[in-house]
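Labels run A, B, C and D following the written order; every chain starts at residue 1.
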Amino acid sequence: MQDILTICNYCGCGCGVYLSVDNDQVVGSYPSKNHPISRGNLCSKGWQLHEFIHSDKRLSSPLLRKNGSLQEVSWDEALDFTAAALMTAKQQYGPDSIGVLSSAKCSNEENYLLQKLTRAGLGTNNIDHCARL
Amino acid sequence: MNKTFIPARAIIREIIRENDQISTFRLELIDKTKPFSFLPGQFLMVSVPHCGEAAISISSSPDALPLIDLSIRRAGELTTAIHSMEKGARLGLRGPFGKAFPVEKFSGRDLLFVAGGIGLAPLKSVIDHCLFQSGLDDDAVSGIRLLYGSRSPSDIAFTGTIGLWREQGIDVRLTVDEKDEHWTDHVGLVTELLEDITLDSNSISLICGPPVMIRSVIAKLTEMGCDDTNIFTTLERHMKCGMGLCGHCHLDGRLVCLDGPVFSVSELNTMDVMELSR
Amino acid sequence: MVGLATSFGSGAMTNSIAELEEADVLLITGSNTTETHPQIGRNILRAVDRGAKLLVIDPRRTDIARQAHIHLALRPGTDIALINAMMRVILDENLADDLFISMRTENFIQLRDYLHRLDLAELAAITEIDINTIREAACIYARSSKSVICYCLGVTQHTCGTDNVQAVANLAMLTGNVEKKHSGVDPLRGQNNVQGACDMAALPAVLPGYQSLEDMSIRARFEAVWQRPLPENAGKSLTEMTHAGKDGPIRAMFIMGENPALSDPHLHRVEETLEQLDFLAVSDIFLTATAKLAHVVFPAASFAEKGGTITNSERRVQLCRRAIPPIHDCRPDSEIIMELGRRMGCPGMDFDSDAEIMEEISLLTPIYGGMHYDRLAENHGLQWPCPDRSHPGTEFLHKYYFARGKGQFTITRHQEPYEKAAEKYPFTLVTGRGSYHHYHTATMTRNSRRLVREYPQAKLEIHKDDCRRLNIADGEMVELHSKRGIVRISAQITDRVKPGTVFSSFHFFEVPINQLTVSAMDPKSKCPEFKVCSAAIKKVNHD
Amino acid sequence: MIDLKELILPKDNLIPLLRKLSKDARLVAPVKNDHGDTLFTAISDLDTTEIDLANQPQASLKPFFLPQQETLAHYQISGDTYQFTAPKAAEDTIFFGVRSCDLTALLYMDLIFSKPAKDTSYYDRRSHSLIITLGCNQPFANCFCEATNSGPYLEYGYGLQFIDLGDRYYVSAGRGKGADLLKKWGYFFCEVQEEDQRIRYQLFLEARGQFNRNIQLAHACHKLQKEEVPEEIWEQLAERCYDCGGCAYVCPTCTCFSVDDKPQSRDSGIRVRSWDACTSGGFTRMAGGHNPVDRSRHALKRRFLHKLKYDFASHGKASCTGCGRCVDICFGGVDITRFIDLLTRQENP
């Protein structure tokens, strides 16, 4: 059993949460007492933070729409298809025909990378996230 | 290893449709590692994988063993899953748990059963057991009467059983909240049926149904001079273990799974209970 | 957060969360704090137990409003009228901080003249709050020099959201309650990394660290590091991208970890827009409503399966640590982006670690200049601005001067919400996050048995008098109509809302309440008006 | 022949002793981690891990005996038959540096999980454990074990009890495993002198005099036996309970749990037991939607009455051990000490 300190995934408070890990399964979450925000307690959602991680509803494989339905494919196939489709749109309709939505649930690094890809790779400023929603 | 939480497997031998919402599942245990016995009023923790467990009272008589009846109303995720099962499917069972009706005291006494909806299920276990006993011994019980309330004529459950009981001499009176064009019997609350009933001081009353019904029937019986120690009811509470550990069924210092689900009204009068207050 | 950036030069929370506990007056507006920001609510209540005064502006009697010394239960959409009224009182009572105004702000005279032309009684009538209550609240706020304002989406999700924020900023500057510890203006950020997504410029009009897209020297710096020319035109906002409808300018989209097909206003329009795209790729942890419309779906790793940093509401950049390897065949979004980048020939998509990505961020983003992983690990994170390695981080903003130089007063005028309750739609529908147990579109919380047990289905809060009048029972299914759609929802009898107002959350995909809301938005922030639309309640005929 | 019940352990011998003990069992002790939190941690290397006896461990021993989430069974569905398979067994564990309140709580849990049914997984872990306590010479900020009669030193229940006398520990042995341990490792210890006993008692007296808070717990318990709590108190508390469940989760004597199935694939999953809180509305709601508890008024009624009224009635002792963990962490500030204050203040206005 190992306890890893991370930051809660729910609201903008940013509590310090330990995830209890047993055999690659997250089996608990509890607050850090020394952390300046959590100070020994979590809200009802934070105490249940481990619950959704191993949900059987998690996506398990890349999916590609074939004949109208989403089917499991390899990473390479999904990535190649996506890269090609985005480049096609760029060539056919220009870079501003592509839109990108980033996420307030993803890390700074991921947000940075995605806006870099959008601006430097796709050549458009069409990037936003749901800050307002 | 927590053996206390491992259910034994049972197979569905027969399914009897009681009404739109209620079916009786006739089960037999497959895992017979230890002998199984129970008393009327006790309940089982019933498992369906992916859905968890729920407490359900046994509706058949112990005399019918090895067959065990569970009459189940579709209410939540687990009971809906059970309703989608067919003959031959398997369920998990733990138990029996809880305090039973004091059937040993019933010998030679008049018995009045008052039930509403699915509430007849645990009482059915007592009635069938008493009938079986009276077959063996004429004095087992002196008279059995049943007052049974349902929402509408199509909601009346256990109609087959009620027919059999009538044949065996039980005085069954039915009432519905809302009648349809074919209904000629009583319309109104089950407490109204009590108006035509006479009780001697020795009679025992057993009540099961929705909290509002339990409350009004107890009030009426008390008014009619029934002694608190002779009125029994069985309470429903959310439960997770059935054996006094999980804390969910805590009721003013007691646990329904251990100290109940059967309580005499004299016991309930010392407690703060939803079924009696408000 | 355009409004606050215009007034102060920065759109972030000016204080630290811990400072709230020491404040003497807390004005909470448009924030259901105990539910949406529990730890901030905890600080507020501690302050109250210490003796601080709590003022709450909210049309609903939320749990935090119940604890307030004064609850200003305004008519939805009349925030500006209320704040203007409070400022007028402050002027009348000579409670303005003249020294602060002259040293640290500009544009005051125009605002003062405007406020003097307003009729206090008329403003109070607009808000439907008693004038003496407004007067008392204004005095309490103005008389303390440790007054702090917290606001959330209840202020911004209006067609006049930007003005609302500027009104709040005016109030703070008028009384000198900014630029120091225990007093300031604090927008409470919704999701765990909204602040970071903004900081990192997942926004159409700025570069990381809110740097100007137009500044040539800044552009040159980015182009040198990214080895690619930067696009010239400002981009389109989320609403512009997802509401274009048929034949819109957007032909292909990549959506990472967002679910606009449920959270967006005017859902039909979003679905229509997404469905007609030539190509849609979605990366998420669950098969969301949006993912179901996609051509390609990537299974992303959850927060527990990856590292990286996130930035909380008080600008604290914190390290997340990987607890377990990605489950199934999932991959972190950073890997997915870099894989795509490499396949599209984009340079600089070969980072070996999150720490290496942060090194590039620090290089290009002055407010993140000192955010190095070793430092973040040691200190439970650092608060930006943190320009270099030796900088300790910033507890509260605008010390010595506002980020934009001088704080700017802006005249804000009351305007009626886009849609008014009318004969056919007599109720005002307010939407938002509304429970201790669910989060946003509940894709995560609904996978927790306990949270589902506590809050199993969507509820429409209706005042008990309205329920009695319409003969609606608690828990009864009703139909809620607006000009744009109909949903079926379970009624909850309550006194949290006033008669004539109803409230529901948007947590449940079965009850897409945002199908009813208007898509009118604030012209500056592009924030949609979720908070007010008109609706009708109809009983459902059983059987 | 030295008395095996009470001995002195020079502090220099502590690590050597623990090293020996850790050969036969897992050693768990409070360790301050890199993030500044003191947690009970399984120690694999005594030379690189510093045991922290200066701070109160953030969590009690509860997670080791009643984990936040425990797998009770794996299940496999195939066709319409299914099979439950039980999970793995417990390992021998020595807990060192346990505070008096936390052991008292464990003794209470023993009671709960033994009657009427013995909870096999709890007992499996319990019978594989040995508890070495450390008496508190200096109570922590929110402690009130004096009021709950569960510290600062203990009379019984421990395997061994350590009292810090400065450069040495005064060690008392309980029955069974603790005494065996002293017998086996007697050579690390020396005899108790009269001086040691004097110092020990003096430290005990001083510890008792250092509590920050005076909680009228016994008074509250007696009052609850006699009279009803005014409804306003319940409502005042409920209005500020934001349903986080934190008080129940951090409480070393809150044992309420839930049992749920967690699907892992279409035809397999685990049945788990997890911490539950009686302060939640769903705790008592029945499948049909009926709820015997009105959370909006009585969110905290069950919890406080259980600890202070029912357990006092049935065990003669409240099931609050004064560890103070629930104090200061409540979002609304309505912890058990607030309740006791409200209840007892009423009497002497």
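Basically, a residue touches a chain if its C-beta (ideal position, glycine included) is under 8 Å from a C-beta of that chain, and two chains touch if they have at least 3 such contacts.
In this text the structure is predicted, and so the values were computed from the model without any measurement.
Looking at A-D and C-D, the interface holding more C-beta pairs in contact is that of A-D. Averaging C-alpha coordinates per chain places the centre of chain A 51 Å away from that of chain B. Each chain gets one centre point, the mean of its Cα atoms, and the points for chain A and chain D are 38 Å apart.
For this pair, chain C with chain D, the centres built from the Cα atoms lie 41 Å apart.
Contact with two or more other chains is made by residues 35, 242-244, 258, 260, 262-263, 269, 276, 280, 285, 331 of chain D. In chain A, the residues touching two or more other chains are 5, 16, 34-35, 39, 41, 43-44, 46, 50, 54. All chain pairs that touch, listed by label, are A-C, A-D, B-D, C-D. Chain C makes touch with chain D in their complex at residues 34-35, 38-39, 41-42, 45-46, 49, 63, 66-67, 377, 380, 436-437, 449-450, 453-454, 475. Residues 1, 3, 5, 16, 18, 20, 27-35, 39-44, 46-47, 50, 54, 56 of chain A are the ones touching chain D in the complex. The touching residues of chain D, when paired with chain A in their complex, are 33, 35-37, 39, 42, 58-59, 63, 67-69, 242-246, 249-250, 262-266, 269, 280, 325, 328-331. By the touch rule above, chain A contacts chain C in their complex via residues 4-16, 19, 21, 24-26, 34-39, 41, 43-46, 48, 50-55, 57-65, 70, 75, 78-83, 85-89, 92-93, 95-117, 119-133. Chain D meets chain C in the complex at residues 34-35, 239-240, 242-244, 258, 260, 262, 274, 276, 280-282, 285, 289, 331-333.
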